[in-house]
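The following pair of complexes shares a single chain, subunit A, combined with subunit B in the former and subunit C in the latter.
Let's turn to the complex of A and B:
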C-alpha cells in the first residue's frame, strides 16, 4: 500500500470547515495533508505573511487514515504568488514556521529564477489563465535536478468549464517539457466536497498526459520526496537538524526494553 | 472461448449530510454519470456510455454503487467520474462526490472487497461507540462477517443499520 498525500488544502478561517476537510481527507485515504496559506503581495500596501495556526487548536485528536492505524499528518505550507522579484525574500524569518514553501511565478523570468535559484520546494502552475510563457527545457531540467516539483491543482477544473480548459492546457504543456517526472497533483480544496480519492486523481493524471505509473507516482512517491526535501531544507546540508527539546520522555525505569518504549514525535 | 468482459467499479458516494443519501436511486445516478461523461468527453464519450454501462447495485444507506463499464474503454469513462459534483433526483440536488474504491472484473470480486471494506469500517467505528450496548452489537457484527452462508443483501443491511446508528450517535 503506498502513501497518498494531498499537499494543497486551502486554509479557511472557519474551523469547522477545516475540520471536516481533514476528516474527509482521512476517510479517503490520504496519510498526509498540507494546509496552504496563500500570500499574494501587492505593490500598494505592505502585507504581512500570515502565521500558521497550530493544528492542535483546530482538531485534536487527528482522525485515523482509512486503511492504516496512524492518524493523519498535517503540515503547513505557504504559497507566494509572485509577480515581481522582490516578493520572495529568501531569508525572511516568517518562512521558518511553515513546513513547505511554494511559489507561483507569473512571468518567464520569475519562472527561470524560481527553478534555478530560489530555495523553495514546489512551483505551482496556475490554473486560472492560459500561461503567457512557454516552458523551456533548461530551467525545467534544472529544477528537476535540484529536487523541485511542479504542482497542478485540479479543483478549479471540477468547478468550472473554462478553468478546466486552462488546467488541461497548462498541464499538457508542462508534461511535454518535463516528460512526466517531478509532478504532483493536488486539490486546492476549499470545501470537503472538492476533494477526490487517490485512485480518481491517478486517473485524472491520464487526462493531463501522464502515463499510468507516472500518474500514481504523482500522488504518492513524488509527494513524499517533496516532504523530505522540505525537511532537509531546514537543516544545514541535510545533516543537522534542530529539534524542540521534549520534556516528556518516559521514565528510565519503565518495564519495556529501550527499543520498545514509546518515543515522543521528533519532527513537530 | 470468446467472452464479453466488463469492469465493475465500486464507488462510494460521499455527501456532507447523510440524510440526503436516502433519496438516491439508480436511475438518477446513471443519468448523472452519462451527463458527466458527455460533458467531459463529448459525443464520443456519450456513445461509449451507451454500450454496456449500467448501475448494477446501489445501497442508499451506505452510499455504495457498483457501476459496470466495458473493458476496453473503462479508463476513459472513469476519468469523467471526478467531475461529478451533484446528483439530481426527484427535483432535488444532492451535492456529493464519487470516490472509487475498487475495480474488479466480476461482481463477485467486488462483493468480496466490499465485505472486507465494510468490516474495516466497523472496526473504525468501534472506538467511537458511546455505550456498551452499541459496542457489543458492533463486535457481534464483526465476528459474523463471512462470505459463506449469507447472501450479500442480508449482511450489508445489518451492517448498515449499525453504521446508521453510529452516525446518528456521532
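Let's turn to the complex of A and C:
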C-alpha cells in the first residue's frame, strides 16, 4: 500500500482556515493533500480560471505528518463544473499551473465525453443531487483503461442528511458499474472538522459497496496512481522526433520524372 | 451489502487448552514465535498489590536501545554482523507505518526482513517477492535476507549487492529499536557511537482496580460456557486492560461492551502493563513467577491470572517469522489464562493480513 492521500481540500481565501485544514490533515495521517480550486463557468459573465497561490505563501514550513518524519505534501488541483461542452478547453494555458485536473460533468453526454476524450485525471461524481443520468459500462470502462479515476467526496454527507442519502445512492450506483476499480474517496472539506482519518474513510468505503481491500486502495494506491497520471499528462505535451536527413539529392539530368525532393524531417 | 456490514474485519484465533505439567506442551515454543513484543499486560484478581518476587521480575526487564536515523547499510557492517551471527540480536524500525512506509525487522536468528513500497523496491534492486497481502496492484514487496548465510559473508555477491543498494541506490534511514543479548552491549559500541542513541527500560505501570466485574466461573474446564466462547472472554479482557467501562449505562454512548454473564464482582484486582521492546526471556520469567504466585496463594483467593502479550502492529514479521500486514489494524497477540492447578488456556490471535498462528 502507499501513503494516504486526500485529494480534495477546498480552497478558501481565509489563510488561517487553510492552514488549520492542512495541519489537521497532517495530524490525521494524510501524507499528501491537494487544494481544490473549483471553477464553475456560467453563461452570464466571462470568468477567469483562478490562479493557484504558491504553497510557500500559504504555509511555511509545512507540518510533519503524524507518525512519520516527512512534512505533508501539498498539491494544487482545478475542478471544472461543466454544464456545456465549451467549458473545458483542452489547450488552455491556465491549466498548466495546476498539478491535478478534474471535471464534474452534469449531463450524460458530457460524462461520456469526459470519460473517453478529455485529457483530465479525475471525474467527480456529484453528491448534492440525485444523478440525472445512469452510469453505462462502456464509458466507465473506457475511463478506467485510460487511467482516469472517479471521485466520491464525503464531507457533504457529514453536514446534511439529504446529501448523505444522495452521496450513498450515487456512490453505490457507481460501484456497481465500475466494480470498485479506479475510485478515490476524498473529503471536499471546507473546515477542519470535515476531515476524517484514513481508516475511517476505509470504513466509509464499505458503506459504498467496496470491499476491504478496495476501500483501502481508494485512499492510498489509487490516489498515488492519479498523481502519477497527472505528472505524465503534464510532461507528455510534445514528442521530439529526429531523423537523419538524406544529403544526396538526385542528379538534375536524370530521365526519371520530376519527383518531390525528400525534405529533411523537421523536429516536431 | 447490509450483511457485509455486520461482519467485523477478518481475524484468526487459535485456542489451546493444556497444562504446564504436560510434557508435550508447546507453550515456550509458541511464546518464542511472536518475535517482536510490544506490551505485556497482567491481570491478577483478588490482589491489591503485587508480591515482591513478582515486582522484582517486573522491574528487571532488560533494556533496549533506540538509535535515531540509522542508515540501513550499518546493519551490514562487518563487526555488527559478527554479533548478529552469535544470535540474539533483534531490531525493528521505529515510527514507520507498515502500510505506508518502508519497515525493517531483524530477527534473533539473523534474518533481515525489509517491507518496501514499490518505488523503494525498484530502486533497491535486490531480489524480493511481492507481498502476500497485495490486493489488485502490486504495491508492497518483501525482501528477506539471511545474514548468517554464506552468501552474505562480507565480500560475498549477495552481500555486495545489498550493500551497494543500501548505500548508493536507496539510502534508507530509520529510527531503529534494538535489543541485544545480555552482555552484548560492548560489541555494538562502535556502531552506537556514530549515531544518536539512547537506552530505555521498559515502562511499567500498575493500577489497582476495585469492584471489577469478572466472568465466573473461570476454569480450564472445556465445558464451562465462557471458555467455549473465547471471543467474549477476550473482549472483556481487552476492555479491562484498555480501561473501558463495561457498565453499558444508558447515558453513555462510548461503549456498549458488557461483561459476559454469569459474572461476579471482585473487590480488588491488579492490572500491570509493561511497554517497550521486550525479550522472550523476560516474558518467560514473568510467567514462571506468576505460576509460582498462583501455586502458593491460598485457595479461594486467586483462582486465575491472565497474561496478554501484544506484538508490534507495524512489524513486517509476525507469527513464526511469516509476513505480517495491516489492513485496518495489525493486531497480533497471545493471551494466556493460568489456573492454580498448573493448567492454562491459551489464545493466539492474528488480524486480517496475517498467517495462522501456530
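Basically, the second predicted complex is superposed on the first by the 234 of 268 C-alpha atoms of A that agree within 3 Å, B and C clash if a C-alpha of one lies under 4 Å from a C-alpha of the other, contacts with A are read in each partner's own complex, and residues count from 1 in each chain.
The rule is short, and it goes like this: contacts are C-beta pairs under 8 Å (C-beta built on N, C-alpha and C of every residue); 3 or more make two chains touch, one makes a residue touch a chain.
Note that the coordinates shown come from a computational prediction; the quantities given were computed from them, not determined experimentally.
Student: Following the overlay on subunit A, give me a clash-or-fit verdict for subunit B and subunit C.
Tutor: In the superposition, subunit B runs into subunit C.
Student: Is A:104 touching anything from subunit B or subunit C once the two structures are fitted on A? First, second, both or neither.
Tutor: A:104 contacts neither subunit B nor subunit C.
Student: Using the touch definition from the top, say if A:207 reaches subunit B (first), subunit C (second), both or neither.
Tutor: After superposition on chain A, A:207 lies in contact with both partners, subunit B and subunit C.
Student: Considering only touches as defined above, state whether A:31 meets subunit B (first), subunit C (second), both or neither.
Tutor: second
Student: Does subunit B (first) or subunit C (second) touch A:64, or do both, or does neither?
Tutor: After superposing on A, A:64 lies in contact with subunit B but is clear of subunit C.
Student: Touch check for A:2: first (subunit B), second (subunit C), both, or neither?
Tutor: second
Student: Please indicate which partner A:221 is in contact with in the superposed arrangement: first for subunit B, second for subunit C, both, or neither.
Tutor: Touch partner of A:221: subunit C, not subunit B.
Student: Going by the contact rule set out at the top, does A:192 touch subunit B (first), subunit C (second), both, or neither?
Tutor: A:192: touches subunit B, not subunit C.
Student: Would you check which partner chain A:10 touches, where first means subunit B only, second means subunit C only, and both and neither mean what they say?
Tutor: After superposition on chain A, A:10 lies in contact with neither partner.
Student: Given the touch rule stated above, what does A:167 touch, subunit B (first), subunit C (second), both, or neither?
Tutor: Neither: A:167 stays clear of subunit B and subunit C.
Student: Subunit C has the stretches 110-118, 254-262 or 290-298; which one runs into subunit B?
Tutor: Residues of subunit C that run into subunit B: 254-262.
Student: Pick out the shared contact residues on subunit A: the ones touching subunit B in one complex and subunit C in the other.
Tutor: 67, 199, 203, 206-207
Student: Please name which positions on subunit B make contact with subunit A in the complex.
Tutor: Contacts found on subunit B: 14, 16, 75, 78-79, 81-83, 85, 95-101, 120, 124.
Student: List the residues on subunit C that touch subunit A in their complex, please.
Tutor: 1, 4-5, 9, 95-97, 99-101, 117-118, 135-137, 139-140, 175, 327-328, 352
Student: Quick check: in the complex, which residue numbers of subunit A touch subunit C?
Tutor: 1-4, 31, 67-69, 172, 181, 199, 202-203, 206-207, 209, 212-214, 216-217, 220-221, 224-225
Student: Where on subunit A does subunit B make contact in their complex?
Tutor: Result: residues 20, 24, 27-28, 64, 66-67, 154, 157-159, 164, 192-193, 195-197, 199-201, 203-204, 206-207 of subunit A touch subunit B.
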